[in-house]
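Take this structure first; my questions come after.
Labels for the chains are A, B, C and D, by order of writing; each one numbers its residues from 1.
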Amino acid sequence: MYNFRTDLADERRDLYRKANNLEEIDGIETEEEQISEKVKVTRVKITNEQGEQAIGKVKGSYITIDIKKINLLTEEEKEQAANTLANELKTLIGEKIQFKEDILVVGLGNEEVTPDALGPNVIKDVEVTRHIINYLPQYIDENARPVSAIAPGVLGTTGIETLEIIKGVVEHIKPKLLIVIDALASRSMERISSTIQISNTGIIPGAGVGNTRKEITQNTLGIPVIAIGIPTVVETAVVVNDALALFIDKLQQEAKSNDYLNHLKEEDNYEQIKEALLPKDFNFIVTPKEIDELILNMSSVVARGINMAL
Amino acid sequence: MYNFRTDLADERRDLYRKANNLEEIDGIETEEEQISEKVKVTRVKITNEQGEQAIGKVKGSYITIDIKKINLLTEEEKEQAANTLANELKTLIGEKIQFKEDILVVGLGNEEVTPDALGPNVIKDVEVTRHIINYLPQYIDENARPVSAIAPGVLGTTGIETLEIIKGVVEHIKPKLLIVIDALASRSMERISSTIQISNTGIIPGAGVGNTRKEITQNTLGIPVIAIGIPTVVETAVVVNDALALFIDKLQQEAKSNDYLNHLKEEDNYEQIKEALLPKDFNFIVTPKEIDELILNMSSVVARGINMAL
Amino acid sequence: MYNFRTDLADERRDLYRKANNLEEIDGIETEEEQISEKVKVTRVKITNEQGEQAIGKVKGSYITIDIKKINLLTEEEKEQAANTLANELKTLIGEKIQFKEDILVVGLGNEEVTPDALGPNVIKDVEVTRHIINYLPQYIDENARPVSAIAPGVLGTTGIETLEIIKGVVEHIKPKLLIVIDALASRSMERISSTIQISNTGIIPGAGVGNTRKEITQNTLGIPVIAIGIPTVVETAVVVNDALALFIDKLQQEAKSNDYLNHLKEEDNYEQIKEALLPKDFNFIVTPKEIDELILNMSSVVARGINMAL
Amino acid sequence: MYNFRTDLADERRDLYRKANNLEEIDGIETEEEQISEKVKVTRVKITNEQGEQAIGKVKGSYITIDIKKINLLTEEEKEQAANTLANELKTLIGEKIQFKEDILVVGLGNEEVTPDALGPNVIKDVEVTRHIINYLPQYIDENARPVSAIAPGVLGTTGIETLEIIKGVVEHIKPKLLIVIDALASRSMERISSTIQISNTGIIPGAGVGNTRKEITQNTLGIPVIAIGIPTVVETAVVVNDALALFIDKLQQEAKSNDYLNHLKEEDNYEQIKEALLPKDFNFIVTPKEIDELILNMSSVVARGINMAL
């Protein structure tokens, strides 16, 4: 399979169409809605196996909310973005469980690492009600839905596979649905902390070498899982690879025909670039200098959206 | 039972002896060791039911490490304090499980509230090895013990009773022993973030009205639980109550005999003080202005001590 | 002079009236306004030397804004509180300088110590415009007032008397007015991070032994200084002293007459309590457990109020 | 002049030698010292105008300390790195001022932005003595040097040009020497938060379009300025540009001769890449995912080095 290097269904569809010169992909339906000048929703639905094969994602709904200039939004624009998230979320939740059934919200990531802190940050602002309904029911509306929230940390700091922690909690408190907030990979720097992907398929990590992350889905947990994913970084080698592709295009335009370049372009230079360019000890990422502020703004939009929906 | 308003076995024993004019309490053995000018260890052992009754703590070992002027310790003195903790911990662990058996470290508390952040702070610095032993055994000493660590948050922010989260994780990763780090109540302002109590009995919250915290012990979890507790605040009403007791002593010395004052002293004025003096909406505590720094210093000592012991 | 142990003109006036059984104090005018259920404004004006003598504050306006349950305010209520601050501030500024004249905002305090971080926190959210007006005037409304903002730190971490830093900056950028945000002492636990005092007299630290803080006023800086002060802690000895006063009252009611107690009450037991009760190495304070959150909420209200006013 | 896009004298010398096929550059002396397996010192001295012209830096000493794998250093290795910094610093200070003369340490940067927080972080750990020498001389060694420290913030958050704040403070407290800690640009991802450049020339920002930063040197302040600079980010366009250069090299090796490619290589593609590849609203940087931890480690090494030297 083509290595998309993005978790966004939206971007994968575009890459596949471009690579195969297609207008439409069988098994994939798309719908766009411009909510306002700054907020756009794209709904990608994978309806059959051909669609699954094409872009390497399982059947289900993948809704992308793009927010322009999130760092400069006014309070009302933030409210609107949160509202858009709330509406999409309500629709997906309504398809799976009843009104008033328990929901557990899980924020993945390491809060000590700025671009990875989005999940735990959101959890801090999710309004939990389960304990009030259990212990102090007189203080809460009788129609309130029980909501609980955890930030399970990451394997590197807990020593425990995240799925195991979630499983343990799910078995004990028995929610009817899980909402998982996670960081995604994207190809586009413009989308860093400015795009939200909501899907009703849960989280299925790419099948990479040595990848020990496990899927967080109805298969592994027994309850429906809605994933809210936000791109927070782009890998440096992806950026350079994309730059080279642009550059080779330019060379080809000048040189008319050039077998060697054609050949080069077919290759995927990602691994070579990674080896040639990047020091081994660290994982280099491209990030806007304003990342700390971007993450705080996005955390606040996502937490508000979740609170409105629940 | 007398309301001790302290979780330290050490302080309870002293209060009981003073109130009853006793030199020794049946069923309680004590041993002191001055490790250095700044570090002192007191080992209190409750050996029978009479001891249990006297100070309201279950049978077991309660070891108190007092560290003087923790904010001014040199690197070597911190190392020494951590070392003292490591030695006591190793002894207690060695009585319960074998060399190389799994340990899970749990840091209780809310990291967003300064005096409550000690547990989560320690977790950040505990060296976890379980995932390395599982996934990358070639990178670690073959005698390393599997250690994992979680900070489960608090009921108010997760909506989930802490014991339920711990139970879920324990059932899934099946450690052989639990170490729990918790904040304690103390009567003495000098002990705030300067004293460590280690006990092999786990955590048994006081049986107060409306107290929904559950015990974290071998009874509830099925594996031995070692508790590391640190006093981080003193309640304002406790301080005022103690001040009044001193004051009444002084009045009595002057007035020679005074039935009314004697009567007053027998009463416990805590609830009245609380009502008369303290605004209802908040929980007022006495804390040193340097609490942020004290908590950081203590977190570092405890994390180092745990790392040495494991 | 009576030792008021509060910086709030409001509280001093009440203490003075009570101690002297007065209804009115010559040279002090007071006006109250209930803005809403949760927000109340009290304006104390000291008009002559007798007023100055009575409560130990220099002539000028002292406006107190009390906000009830600041941690539970809705967005609109916060907006209203900020608006109230903005209005009072605009009046005081309008009496001193012209529309469009430069203002420098200074946030005193140590941001590493929770209750002392209010000033620096506010500075982070003040919208500065001076550099835009100087370097990119095309991007800003031509009627915008040049605003700049600094957090000069505290003597203990900079080694420099705060006044010296402010003087240096004032001489270089030549603002026409200074707004200084500072933490205050109060007698009342209810007012911690819930009350704002605005005054047009600047900051004049109490004349205590060994007090090396210097005044920040028109005298020392040559431009008008508006002080925004917020009580963030209460000293433990003050709380105990107040408790003892209540207690002695109660004893007297029972005992009818009691010369010894009368005598005791005339004394100020503060220093004795401090000595008897408090460990020497730390500065003990009473604080609500929710102080971290309270400080964040108050910082946001004050920053918004300043931004609206400027 | 060639656009080096690095502030490291070390890297500029290498780029100049490579571009001009030189072994030595007239007016530039170099000396290397391997302190230990992980710590290397390179001393570059610019001795005349030809050297200045060649690499675009003024006459003076530029000492680079490279620390390998700073995130994995043991306590002793950190001590050694700090010690190396202390020794170089002591030499440079000793050439300018007397024993016991006042020093002011200034940490540039915005502490709210992770890669820019290094300067303010170091200031938090610098041991200041000036106020103790002034107010409590009995508590300090009589040979102690008066040290003070400030973090003046950045233009975007204060509205004030940093140089103006420093000037104001320097005029008031009259130190004899300034140490300024700053973030640098580098070409190499390996050097991010792993290299320290110390120079006795102060800070002279590149003469870019619209660059409003002013130099911080003896010229502008009247006292010697020692600059400690640490690379904390690499610009994305620099990385891609370097990748393209490598790529063109490879194409040329294959194609033997190729006028078009030669021509391309002579050009600097930086501006084109920036335009083609990077979204306009943000300033994209390449950074290791571990940047938060790297910055903390480097801050601690630099603060210790400064404390030892002073």
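Going forward, a contact is a pair of C-beta atoms (placed from the backbone, for glycine too) under 8 Å apart; a residue touches a chain by one contact, two chains touch by 3 or more.
Note that the coordinates shown come from a computational prediction; the quantities given were computed from them, not determined experimentally.
Here chain A and chain B face each other with the same set of residues for the most part; over half of the interface numbers are shared between them. Chain A and chain B have CA centres that are 41 Å apart. A separation of 37 Å divides the Cα centre of chain B from that of chain C. As a whole-number value, the distance joining the C-alpha centres of chain B and chain D reads 46 Å.
Multi-chain contact residues of chain A (touching two or more other chains): 112.
A ring topology is adopted by the chain contact network, closed into one cycle in which each chain touches exactly two others. Interfaces, counted as pairs of touching chains, are A-B, A-D, B-C, C-D.
Partner chain C is touched in their complex by these residues of chain B: 69, 112-116, 189-190, 192, 233, 236, 239-240, 242-244, 246-247, 251, 254-255, 260, 273, 276-279, 281-293.
Per the touch definition, chain D reaches chain C in the complex via residues 112, 123-124, 128-132, 135, 146-153, 155-161, 164-165, 167-173, 212.
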